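You will see two complexes here that share chain A, one where it goes with chain B and one where it goes with chain C.
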Partner chain A sequence: MWSSCWTYSLNLSSVPGDGDGQSRWCLSQVKGAVDDDVAEADIISAVEFNHSGELLATGDRGGRIVIFQQEQESKNLPQCRAEYNVYSTFQSHEPEFDYLKSLEIEEKINKIRWLPQKNAAHFLLSTNDKTIKLWKISERDKRPEGYNLKEEDGRYRHPSSLTTLRVPVFQPMDLMVEASPRRVYANAHTYHINSISVNSDNETYLSADDLRINLWHLDFTDRSFNIVDIKPANMEELTEVITASEFHPLQCNTFVYGSSKGSVRLCDMRASALCDQHSKLFEEPEDPSTRSFFSEIISSISDVKFSHSGRYMMTRDYLTLKIWDLHMESRPVETYQVHGYLRSKLCSLYENDCIFDKFECCWRGDDSEVMTGSYNNFFRMFNRDAQRDSTLEASWENGSPGCPLKTWRVCTGSRRKRNEIGVDCLDFSRKILYTSWHPQDNIVALATVNNLYIFQEKPN
Partner chain B sequence: MDVEAKRIMAVSIGKLYSLRTQRGGLRLHRSLLLSMTMRAARDIYHTAQLLRDAEEEQVVPCAPDAATEEPMEISKDSPQTLTPKEVAVKPQETLEEDKENRCASERHSRKRRGKTAVEPDFLPLKKAKMDTDEEKQHLQGEVLRTNNGNSCRQAETLSAFPTNRAIVAC
Partner chain C sequence: MSGEVEASTEEQQEMQDTVVSPEKAEEAKLKARYPHLGTRPGGSDLLRKRLQKGQKYFDSGDYNMAKAKMKNKQLPTAAAEKTEITGDHIPTPQDLPQRKQSLVASKLAV
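The block that comes next holds the complex of A and B.
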């Protein structure tokens, strides 16, 4: 996949401030093949920065993980772009076959979550539909040389040639990055895993499928505790499934899960072993004037993310982004229309399956902005403080690299100004589902179908 | 309105069938959403059908609120407007099912037909096959089609179709 990887080299000149239709975001890098013929296996399905932002992991449908590392030199220079280069590539999951149910288990990486770093090695959890794995990524830049019994190439020496005894010493070698699976957490999910989330206690994590949420200890693979089970006794009575779940960033007893009905439940593990009774239910009453055949589908929560502060929570459904104050369950405190112009197109989007697309969302490090993807390779930024939003495009064709991105407007009328596009001209095959925001700097990474885009915001 | 509902029903059934051959096994979330949409469309369709039958036979209408249905338009500017009573809710479902049995007419028999009966054209083939055409469509260009206000194509008369539960228990 990354054999044909290429990167823009950008010469950044002085950047003008926020002008007319210009943002402060610039394209920094694009990773991936440039040809239009996309292999199914190369389609990116997960993007995640680690806790320091130094590493950026991507997963694809072929079960592979590619980790990029930020160059140390450019990181400290204020005006320089933060260049990410390939650090490690490994096959995380392979296709499997469930013989009992005669079902193939896809190797597609659904989620990647980093563990906070404790030592020189990096750890991440990756999951496909059925199995979660803990990977250790470590560097090796020295190797022992001067063995007594072996030659340098590994061949054993003849005993008669051994006349001296020496202590092997570590000599520098070319940097080698190794990824090794340390734990495999399998056979705990009947349905398809949609979320994993590491707890703030750094010892446990949760995994969620359509009907159940399990709690694991990182050290134990042979057992997990079921903490949520919404499977009805009679499956014909099923009305709701779990779509996303996350632990609170600070309170190790608290987690939330979103449902296909548009509600989010907050649970406290101290209340009981099985958290079927929620502590809080976040649900906004539906607006009856917008009811349609597709109301159920578009209200389904596709992603839920706590703010870094732990005070707020963000949910993404098909058309909107909602910010909730954890202290208020009745309605969100902020609602942002991502692409409201699609409301009148739901029937067509149902036919071409786009209505089932699951968009992720993410918070800026200081929680002042949020971001999510849309169609036509657009992504949406919402500035909560300034109550301003912008539509930007992930494209290496439009505009010159290094210059600030122009903002777009989607219009329904026939007249087109520059940087306006009609709703009917949107390309629904080009979509941004996966996004991640650097935890400290203003760098965002997002995935189009098979390319990874990295954007950087320029300071004034 | 009922033509649109029938179209959505047909699309939903087709998608539910194709879900079974998808790699990775049946997706519970998707099949739940599809079956909910299909049921909502089916209820609207049946309501409209009953109305039409009642009008033709000059009997008391079966569904009290069905007369206020409006066509669902898909246009660029105006959002879909459906008042809550037009969307079938679960209690109505059982009511209508009973009325289906009571209001059966000669032309539109609601009895499930045997295997030898002719099935509507829009139903996909029951023979399991690898259907990769849909997936290919996703990867290639997908431009939203404009329909110039005509939200549905000409559909054939629906005679009977299986109304078994759409979700296969995992």
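The block that comes next holds the complex of A and C.
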């Protein structure tokens, strides 16, 4: 029923399953400027909750990272648990110029991944096209006072004024959150890094570019092991590139990578040092009668995410979301149409480059729902258990915080009911590429071009 | 005679394709606008363009010379010339699109 056949292009893309077109979700907060003039640097390029959901990090094209923290006092109140305030902000990456290749290296943050918390400090990995950095975010709420040789303002005391000796003591001070770069992992990628993923062993992580995947140890910046290399001997023979990669959440030896041809390879690092031979190949056979010029482009995997359970894996391509059972390579177990109505727009989407947009996707904490973004600032939620889906809009105009969002339908006919919009009225410049789901609660964060939206599900 | 029959079968197939697959209809539209598209393997063209993202044809020696000269006088605001700088024209810093140093705080952090 949910197969990805083109006949669904005329279908309405959502079935309001919650009664009168209202969803259980409401807007909690919007961050960022609301004016129309958006600077390139303000375009958000990464959104990621940490493992407890207490912190939410965003990265932008200007190389900056802003971390939000869940409001401590209200997080246990069901109605306003999704309140996040700025915790720390810092410049992660700067623009660089590679003189050897005459290549400009953008400071745009491509991915942020948090490390599981081991002590009071928080650690995250952030990457641009070429360099990965490990950042330590720590709090300081005490400072030593009562120095012998220095006044409180830092001036040195005159030696003749010293008559007694005292022990400095720590006194409380206003909370200060400091971000410091602890490691810089550079010079290991010839091509552009698209993914980083922390291993469940909490010691290693992988970084993937268009043609290679490298394995790093968090403690060492001067060496990295190449574990996948798909570069052909003759670049003229290049047919596919790596588009996304992730470690299995529980098995430290397993990782997957998706390709521009729509296949996902699962590799086992125990099998060999260089995992060019896959252990499993997840690929849905193509229907030759529907093949077109666009087929390969729209099949390109833009994101791959394991379920929290580790049993399933989700892939996002241009038009669909697919859930795969890791035990079955031949075809996905579930396929969801994100915006099948775009099939009749592929020509213009190719011309305006939108067909190359890379959408992310994410799982709900208990894996019962999945979510991904679309155009017109719409995002799509798919309830796997109930087999229901909804289309919601990220907009600060409609409804006040706390008010449940209405669900939308995109239709191709000419008659418009309320909550319906025609395919031709969609704004393709307003797209939601980056989404993250709180690991334990029903709070989602997503980015429109320059705003961060936080939604929470109404408590029962 | 047989040629005509063949042509009409092809036409029929194409019509069927258009009715049957919106993707194929879109492909036909694209081919009508860009007849040379897909004559070379499209995949590797696209891939190569993707791998080269960010490349500027630029001489770093010129870049450094010009940067040194600029230190002595005010850097004029870059002309909004969005035309691509390649080939015989060797760009200087003012020809490049303005690269703002990201020392301004993010608007999300306000």
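Please note the rule applied: the second predicted complex is superposed on the first by the 437 of 460 C-alpha atoms of A that agree within 3 Å, B and C clash if a C-alpha of one lies under 4 Å from a C-alpha of the other, contacts with A are read in each partner's own complex, and residues count from 1 in each chain.
The rule is short, and it goes like this: contacts are C-beta pairs under 8 Å (C-beta built on N, C-alpha and C of every residue); 3 or more make two chains touch, one makes a residue touch a chain.
Here the structure is a predicted model, which is why all the values come from computation and not from measurement.
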When chain B and chain C are modelled together on chain A, clash or fit: clash
Which superposed partner A:210 touches (first chain B, second chain C, both, neither): both
Contacts of A:32 with chain B and chain C, given as first, second, both or neither: second
Chain B versus chain C as contact partner of A:63, first or second or both or neither: second
First (chain B), second (chain C), both or neither touched by A:147: neither
First, second, both or neither for A:260, with chain B first and chain C second: both
Partner chain(s) touched by A:343 [first = chain B, second = chain C, both, neither]: both
Touched partner set for A:352, first chain B, second chain C, both or neither: first
Touched partner set for A:297, first chain B, second chain C, both or neither: both
Chain B versus chain C as contact partner of A:288, first or second or both or neither: first
Residues on chain A lying within both footprints (that of chain B and that of chain C): 101, 103-106, 129, 191-192, 210-211, 235-236, 238-241, 260, 289-290, 292-294, 296-297, 343-347, 350-351
In the complex with chain A, residue positions of chain B that touch it: 4-5, 8, 11, 15, 23-25, 27-30, 32-33, 36-37, 40-41, 44, 72, 74-84, 87, 134, 137-147, 151, 165, 167, 169-170
Sites on chain A touched by chain B in the complex: 38, 40, 98, 101, 103-106, 108, 129, 190-192, 194, 210-211, 235-236, 238-241, 243, 260, 288-294, 296-297, 300, 343-354, 356, 412, 423-429, 449
Touch list for chain A against partner chain C, complex: 6, 9, 31-33, 39, 41-42, 44, 58, 60, 62-64, 66, 86, 89, 91, 94-95, 97, 99, 101-107, 129, 191-192, 210-211, 235-236, 238-241, 260, 289-290, 292-297, 343-347, 350-351, 450, 452
Residues of chain C that touch chain A when the two form their complex: 20-27, 29-31, 33, 37-38, 42-44, 46-48, 50-51, 53-60, 63, 99-110
